[in-house]
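Two complexes come next, and they have one chain in common, subunit A, joined by subunit B in the first and subunit C in the second.
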Partner chain A sequence: MRKIVLVCLMVLALFVPLYAGGSGESSSADGTVVLEILLSGDTTEGSPMQKAVERFNAEYADKGIQAQVNEISLSDLPTQISNRIRAGKLPALVKNTTNTFEQFTDNFYPLDETGLDPNDFTMNYSVRGGRFVSTTLNSTAVGLFINTTLWDEAGVPYPTTEEERWTWDEFVEALKTVMERTGCEGIAIEHSQQRMQTLLYQFGSRITPADDPYTLVFDSPETREGMEYFINLVKEGVATYTDIVGIDTAANTFKSGRVAAHIGGNWSLTDFAENITGFEWAPVLMPYAKEKATMIGGNLLSVFDGSGQEKEAIEFVKWFYQPENYKQYLADANYLSGMKSLDVDYTLEELAVFQQELAASCNTPNEDMMIQVNHPGASYGNTIRDNWTQAIVGEITVDEAIDRIINDIIIAYPDVKEAQ
Partner chain B sequence: MIRKNTLKSAGKSVVSILFAIIWAFPCVWMILSSFKPTSELFSYPLHLFPQEWTMLNFHKALQEFDILQYMGNSVFVAIVATIFTVLFSCMCGFALAKYDSKWLSFFFLCLLSTTMLPTEIIMSPSFEVIRALGMYDSLWACIVPAIGSMTGIFLMRQFFVSVPNDFLEAARIDGADEGVIFFRIMFPICMSQVAILSIFSFRWRWNDYIWPLISLYTKEKYTLQLALRSISAMDSISLDWGLLLGASVLTMIPVLVIFVIFNKQIMSSSMSSGIKG
Partner chain C sequence: MKSKSKPGASRYRMWSFLFCAPNIILFIVFFLIPAVIGVWYSFTNYNGLSRLDFIGLQNYDRLFHDVEFYSVLLNTIKYTVVSVPLCYVVSLGLALLLANDRIRGNAITRILVYWPTLLSSIMVGVTWKWLFSESYGFINYVLTVYGIEPVRWFSNPTSAFITTIVASAWSGCGVNMLIFIGGIKQVPQDLYEAARIDGATWWQQFKVITFPALKPLSFMVILLEIVGSFKVFAMPLTLTNGGPGTATTYMIQYIYKTGFERLDVGYSSAVSMVMFVILLLVSYLQTRINAKHEEEY
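Moving on to the complex of A and B:
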């Protein structure tokens, strides 16, 4: 018995000094400030921020500032930030998605001292409540991928120039021919608000008028037509049911080679280039019904107010957006630029299609974004995706889905009214 | 009669084998998939065995995933929490079973009623306690809230109730104090319960995800489960499945080693306790 107690005490004596330490150190013994950059998905996307941090650390080795990346799961990000706000242990910087960003806008430090212009960034998230609180780290665009092996086998041509861009009816007709001649499945559409809302924009739908972000015009024949069009595609078996309702991941379905086409985004390019070996594929221009549209998304960089390292974090942001550093960051992961008018040399030629999509897109997605810009901290979440999905599975009608979406938007933004 | 028994036995065996296959299939699929190149994971038709065997996923996992650091953290949390849980459960169970005090039964009922509270309900106040004690972002924050296990206390109390009071009275007559009675007489005779509780407590803490998530934020202090989760960084779209599979299989190894060593005790503890974590 004594032996057991003795062994236990020895184990404790060994471990306690190692593990009894409290919170992580934010500065080293020589006074160097160590900035923590909280983010997710860096490793899977080629570690571009880790590489940027290594370059920063080398450059700032004798300037008293160093940085380090702390990577966690995206779904755990809000939990960790909330807890760290409560404990007063905030990281210096955070890479946000648009959803997590809206939750913490009040906790961000203004970026005016960086000398950057909020209007230079591609996403309308830089200014909230009159404060410049975020920069766009990278942009994403929705696009169409096709399995060219199947299309070539079926002898069906696909567009390579803007003039050859399909309408949705032309695309569906071509797709049906490919399905018939090769026995493959049709199109895998990603279960995502950004991807699904892009399709609605292509049918002319919009949330608010161009010049009035306080009036809702979502209940329109265009929205109804768009929603019904894709419900019919699912019913006809042209669009895969399990992908659009979120049972399967559409990108993985595409990687299996079973489907002829896939609505996804530019973030899949690196993955597809590395991991598809059984067939040829290519991104092509997306079809349109009334409008050519792609919805811009992306990630944001913010500095936390209350970390005690705000000045050093601002220094990092200034360094990060110097053209040579930022271009290197984008090139390392084949990201689309988060800054307007910036030429980057990419290793993946396929990115050009997404840049073309962005250039050709109507301005409706950006105009609709104004409703969020005018309501810092509030968000209508994924209501469009979720209610449209319920209509696809037949739980509600399209009219009910539209009513629920409008209701959710009004709950999120009470000063917004539906058009009479 | 013999034929009937044989049929019954064969039926039981078939059902058992069927359940074993249902349980084992995902594990076998995961292990075999970890030897596949990422390009083969989603290729259609799916194959159970890799078409091209590779160790690349393990190599990548070891390179990008500091498995020894995370394993050290998990081992520390699991061992220390288990030692304290067992010790405190024994002491508390002994006191509740053997002392006769006016409010003790009421206190026991109060303790028992806490099992009705889901962990999620007490997370926020527990976090505040951890924070106030200065334990936030320390491995002790994963240990301290887990020490008070009502399941363990109940298990020990029920055992000590069955121990005759004659042992205590004889020891007291011989001049033993309460500490000596507990450590020299009572603790040694409840070793089978200690073994059961130790095994379960170790497994609970090893697999724990929620507490480490709430109480840790420095990557160097992550437990295996938390670190594994950080690999599935963004979502299933941009997930590196090869890396995740490689790291998942590697994290299974320590538990398998423990299972092989303590095989008999684990199996008998599962059968005799019926405790569910």
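Moving on to the complex of A and C:
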């Protein structure tokens, strides 16, 4: 009998560490509540949240609340949140991408107690079912970077004002001249749904009509023209093949100095400013075909419902959005503001171009966002990017790519119908 | 006629069960229960968190009409058909070479061949990307230095496919080589001596003695390689990102994409179940073939 008890204890001993290992630590011995902020990409963007947390901790040292950053890889973020929701071991706060925000909307705690107004934020679609569940941490915008050393060497001018903004045909003509005169490669376009869809918007493409997020109008001459335009640019060798199909990273290609232009985003500014030393570069206004367009993106800050630290997390959000704290957060990483009408002293004056892009952009990207707003917990993923890439590679035709994209959207949102 | 169990046999059974209990519990908790849950999810529209409605065979119906699924399945079969024999031949060849104690430096060579096995799949992908990258890769740099036109390793679907195969063989053959060396060392030396006395060549010795002696190990290595090839994920993801297009997109990446990017966990579970059935059939067939061969001997 003693042996049986011994064996049972051994089995038990095997599981006790497993259980203990899984338990989170949310408060210290002196009763101080420690808030965990789950995020990714903070270090590569200049550690702005880590710096904000250090300022918060210094200010709240005697108030029983402290915060700590838990940085994980971006690809692990949805899986970790999902697993921690199931295990009931939630972090207090999370820096959401738009994807994780859509996925976990139902799990966020209302932010009404913060006294903040959702309409003050750039991504104000974060009010769901009458609940204000997320604030915009920072905004991002798609933009065009050029290697000014190459353009100056070729003697080709580039736009500095809204009036001088290129059409796509003018830009490609200028780009070809730079390529001819300097021997460089053309444009490195980032393999990303946000960046690639921005180009489609510039050709007048849209997913749904402005006033009807349940009807698909993606199958249009504009979408077809946009897709074919860039397929031809790749065929002609003007757009670099390995970047747009996702084999290489377009930002790295641009940093190498081999290409004259790059479609990327404002988040690359800090990286380029710190790491490009061999040539001069600048963001310039993006070309347009039918519409001037950039896709606003960004990150959202949410408080988890069920962490047991909701009140303290709300206190952190209130502190975070006090103008001096929030401005410092934005300035530390040269982020575009997530709050409307906020003057920030940026160290990089190049950000002004992205603010100009946001101001000039058509409203189609925001209108298309409504299809996602109306379907929380569902997503069509990167189907536009992936199928368009297959068409670029030549695996499928543009028509097949459009059909597949529509099919994927309808599978994700079964109540959405294609326009007749 | 009923067989009577010996006195005390049930007590031994209980003890053997108790000793196996930790393993059985871990198997149930981490394999059996998730597998049953996976089967259940495949009949639902589960989105990974909140929505979970029973939808019958809809996911399977959709799957069998999904062109992308067939394309990815074909890629995975092509990858398996090429990489498994390559890995097997390379592992066996290295084992035959390095099991020979007369070869100088075979211990250090074994370590060098085994070393890539210790790397994570992601590291393997990153390492090979640094070697073969079209813009900053070492191989293209060397070619350029010697005035040779750089090769578009990843832009061309065939060369991208070959690169993933070679990287897979490089990272996977170390373990199999050690298994084969162990097997070769177990073959009685007097068989070789007798064969040599009879004037058998090296090839004849290999064909008649070594290869048949390694059949049980070969069965295991091939089976494990087939399962591993079907489940390949991180290495091609970091090396080619599944491209160009979908040229190197394999089953697990497709399951990941549908499950996590499109939040279609029900559908991705159905794909997993199809993969499970394929692997089960392959394992069954291979076991039957192996059993038949053993009977012949």
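Note that in this section the second predicted complex is superposed on the first by the 393 of 420 C-alpha atoms of A that agree within 3 Å, B and C clash if a C-alpha of one lies under 4 Å from a C-alpha of the other, contacts with A are read in each partner's own complex, and residues count from 1 in each chain.
Basically, a contact is a pair of C-beta atoms (placed from the backbone, for glycine too) under 8 Å apart; a residue touches a chain by one contact, two chains touch by 3 or more.
None of the values given here were measured: they were computed from a predicted structure.
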item: Subunit B versus subunit C as contact partner of A:Tyr380, first or second or both or neither; value: second
item: Which of subunit B and subunit C A:Ser256 touches, first, second, both or neither; value: both
item: Subunit B versus subunit C as contact partner of A:Thr79, first or second or both or neither; value: both
item: Which superposed partner A:Gln103 touches (first subunit B, second subunit C, both, neither); value: second
item: Subunit B versus subunit C as contact partner of A:Glu45, first or second or both or neither; value: first
item: Subunit B versus subunit C as contact partner of A:Ile247, first or second or both or neither; value: second
item: Partner chain in contact with A:Ala419 - subunit B first, subunit C second, else both or neither; value: neither
item: Partner chain in contact with A:Asp408 - subunit B first, subunit C second, else both or neither; value: second
item: Which of subunit B and subunit C A:Ala352 touches, first, second, both or neither; value: neither
item: Subunit A residues contacted in one complex by subunit B, in the other by subunit C; value: 11, 79, 252, 256, 258
item: Of all residues in subunit B, those that touch subunit A in their complex; value: 38-39, 41-44, 64, 73, 76, 79-80, 83, 127-128, 131, 134-140, 183-184, 187-188, 213-214, 217-221, 229-240, 243
item: Subunit C-facing residues of subunit A, complex; value: 4, 7, 10-11, 14, 78-79, 82, 85, 103-104, 106-107, 191, 241-242, 245-248, 252-253, 256, 258, 377-383, 386, 389-390, 392-395, 404, 408, 411-412
item: Footprint of subunit B on subunit A - complex, ascending; value: 1, 8, 11-12, 15, 18-24, 40-45, 70-76, 79-80, 83-84, 86-87, 89, 190, 249, 251-252, 255-258, 264, 267-268, 271, 274-278
item: Parts of subunit C lying in touch with subunit A, wherever the complex brings them together; value: 18-19, 21-22, 25, 47-51, 62, 67-68, 133-136, 154-155, 157, 160, 240-241, 243-247, 257-258, 260-264
